[in-house]
Amino acid sequence: MADKRVNWFKYAAPQTFYLLAGRAVPWFAIAAVVLTAAGLYLGLWAAPTDAQQGDAYRIIFVHVPAAWMSMVVYLAMAFWAAIGLIFNSRLSSMLANALAPTGAWMTFLALWTGALWGKPTWGAWWVWDARLTSELVLLFLYIGYMALHAAIDDARRADRSAALVAIVGVVNVPIIYFSVQWWNTLHQGASVSLTKAPSMAPPMLIGMLVMSLAFWMYCFAMALARVRTIILERERHTAWVRKTLAVA
Amino acid sequence: MTDAPSPSLPAAGMLQAMRGLVARDLRLALRRRADPLSVLVFFVLVASLFPLGVGPEPELLRTMGPGVVFVAALLAAMLSLGRLFADDYQDGTLEQLLLSACPLPLLVTAKILAHWISSGLLLALVSPLLALQFDLGAAATGVLLLALLVVTPLLSLIGAVGAALTVGVRGAAVLMPLLILPLCVPALIFGTAAVEASRTGMETMGHFSLLGAFLVLALVGAPWATATALRIALE
Amino acid sequence: MNGSGWSDFLAMGGYGLYVWGSFGMCVLVLALEIGMLSARRRAALQPDDADVIDNTGVGA
């Protein structure tokens, strides 16, 4: 009697996941391209010029999505790292490793675009705004995760140690954010929010949401593509990988 | 390594184990006086570099002082944490600790306590000298001392997690601060804010309450995380 | 957008440097990330020495 329920756990095997991810990546990539095109049209064309910030505000169409993704990816990374640590699942740890570089790039982008937005708006490239400063700390957390993983030769120890770093990091992020927020208001007096978006007209809001979705699809595609490469690297000596390499 | 559970100790036994460990670590630190002392000298040296870098103008130094002293304490703590587990790892004591009937988080707490006494506590006690260098005034100096007495254990606790994660790892000396310093930002912010508040005649109780809360959180979470990290590192 | 729209578009009301500096960096990061991953995947697909020496009939 066949069991008709889907055995989701079979996807926890690197070999099955490799194939599944391989089929999924093109779809996410296409979605990313389409959404980006739509978002860019909305952001650079359709959305009106802002009364206070002029056309400089258009930077939010990449700054906000990048910042959101930097945080979402960190949460996802910590989640999969924790699963890998608790349930000893190799694939979960590989997924966490695949997410880290993408998240770090997003954080870098958020910082870069934040600085470029700050210069015309507030006169300086970096004014220690609370949210940007927290993004900077987040970048250090990503780099720490990747550096620790790279420094440990044994793959399992590297996975599990880095997972603990991610978990400790994710627990501390709210505390750090709160502290930096407080520090910023203390030293700047009035509640100045550097990257406060102008009151959003609908095309602006929709454009930002579309771009955020686009970035999300991109991050999915990159993480899944990267985990496939990690699987190939880690499972080099299994029969199925040898077959894949022979065909490639 | 066997997974069989060790027979658990009664509470009195655990306390004895912890006391023994603290005494041992302190004795070892006393024998190697150069290690804690050089960390202390580093602390004073780093703090002294800042005026050399920015000029001796008194008001500027008074403003910078709390921040500089705290950052110097942070860096000195990072340096000292290298030896928290390294020596025991090398001579096999760490593996023995993992096999002990006493729960590992308790043993870790004992080691952190001993480590703090031979590093953080000394840093805090020396800080009034540095307060003098920056002309912080009597009240602010007192607050600096108290704040460091609360923050240095916090640094030892958080740092222990980093030290455990990087034990025996290539490049641990710089990797560990890389992991831990971002996590020390809240302590830095509120520690310096307390001293600043005292200097400008404002209330410091709020900052100390927060620092106290962080310390309690760390006391609960850090030994467990450190123990987990040690098991990951040694298994 | 009308004829003079292009130069206006590029100028972005005087903020062209900042706006295109941002969008441009996005494109650059994209290219870098995809490029680095491609290189990594190509390296992973190379059969290494162990595969060649090993007598599985696969490799080289």
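Residue numbering begins at 1 within each chain, and the chains themselves are lettered A, B and C in the order written.
Definition applied: a residue touches a chain if its C-beta (ideal position, glycine included) is under 8 Å from a C-beta of that chain, and two chains touch if they have at least 3 such contacts.
The structure presented is a predicted model; accordingly, all values stated were derived computationally and were not measured.
Q: Just by CA atoms, which chain is the most central one?
A: A
Q: In terms of CA centroid distance, which chain is the most far removed from chain C?
A: The chain farthest from chain C, judged by C-alpha centres, is B.
Q: Using mean C-alpha positions as chain centres, tell me how far chain B is from chain C in Å, no decimals.
A: Chain centres of chain B and chain C, defined by C-alpha means, are spaced 43 Å apart.
Q: Distance between chain A and chain B based on Cα centroids, please, to the nearest Å.
A: Computed from C-alpha means, the inter-chain centre distance equals 32 Å.
Q: CA centre of chain A versus CA centre of chain C: separation in Å?
A: Here chain A and chain C have centroids separated by 16 Å.
Q: Chain C touches which residues of chain A in the complex?
A: Touching chain C: residues 44-45, 49, 54-56, 58-59, 62-63, 66, 101-102, 105, 108-109, 112-113, 116-117, 119-120, 218, 222, 225-226, 228-229, 232-233, 236-237, 242-243, 245-246, 248 of chain A.
Q: In the complex, go through chain B and note every residue touching chain A.
A: Listed in rising order, the residues are 161, 165-166, 169-172, 175, 178-179, 181-183, 185-186, 189-190, 193, 214, 221, 225, 228-229, 232-233.
Q: Can you check the complex and tell me which residues of chain A touch chain B?
A: Going through chain A, the ones touching chain B are 137, 140-141, 143-144, 147-148, 151-152, 157, 160-161, 164-165, 168-169, 171-172, 175-176, 178-180, 182-183, 186.
Q: Considering only the defined contacts, which chain C positions touch chain A in the complex?
A: Answer in residue numbers: 1, 9, 12-15, 18-19, 21-23, 25-26, 29-30, 32-34, 36-37, 40-41, 44-48, 50-51, 56, 58-59.
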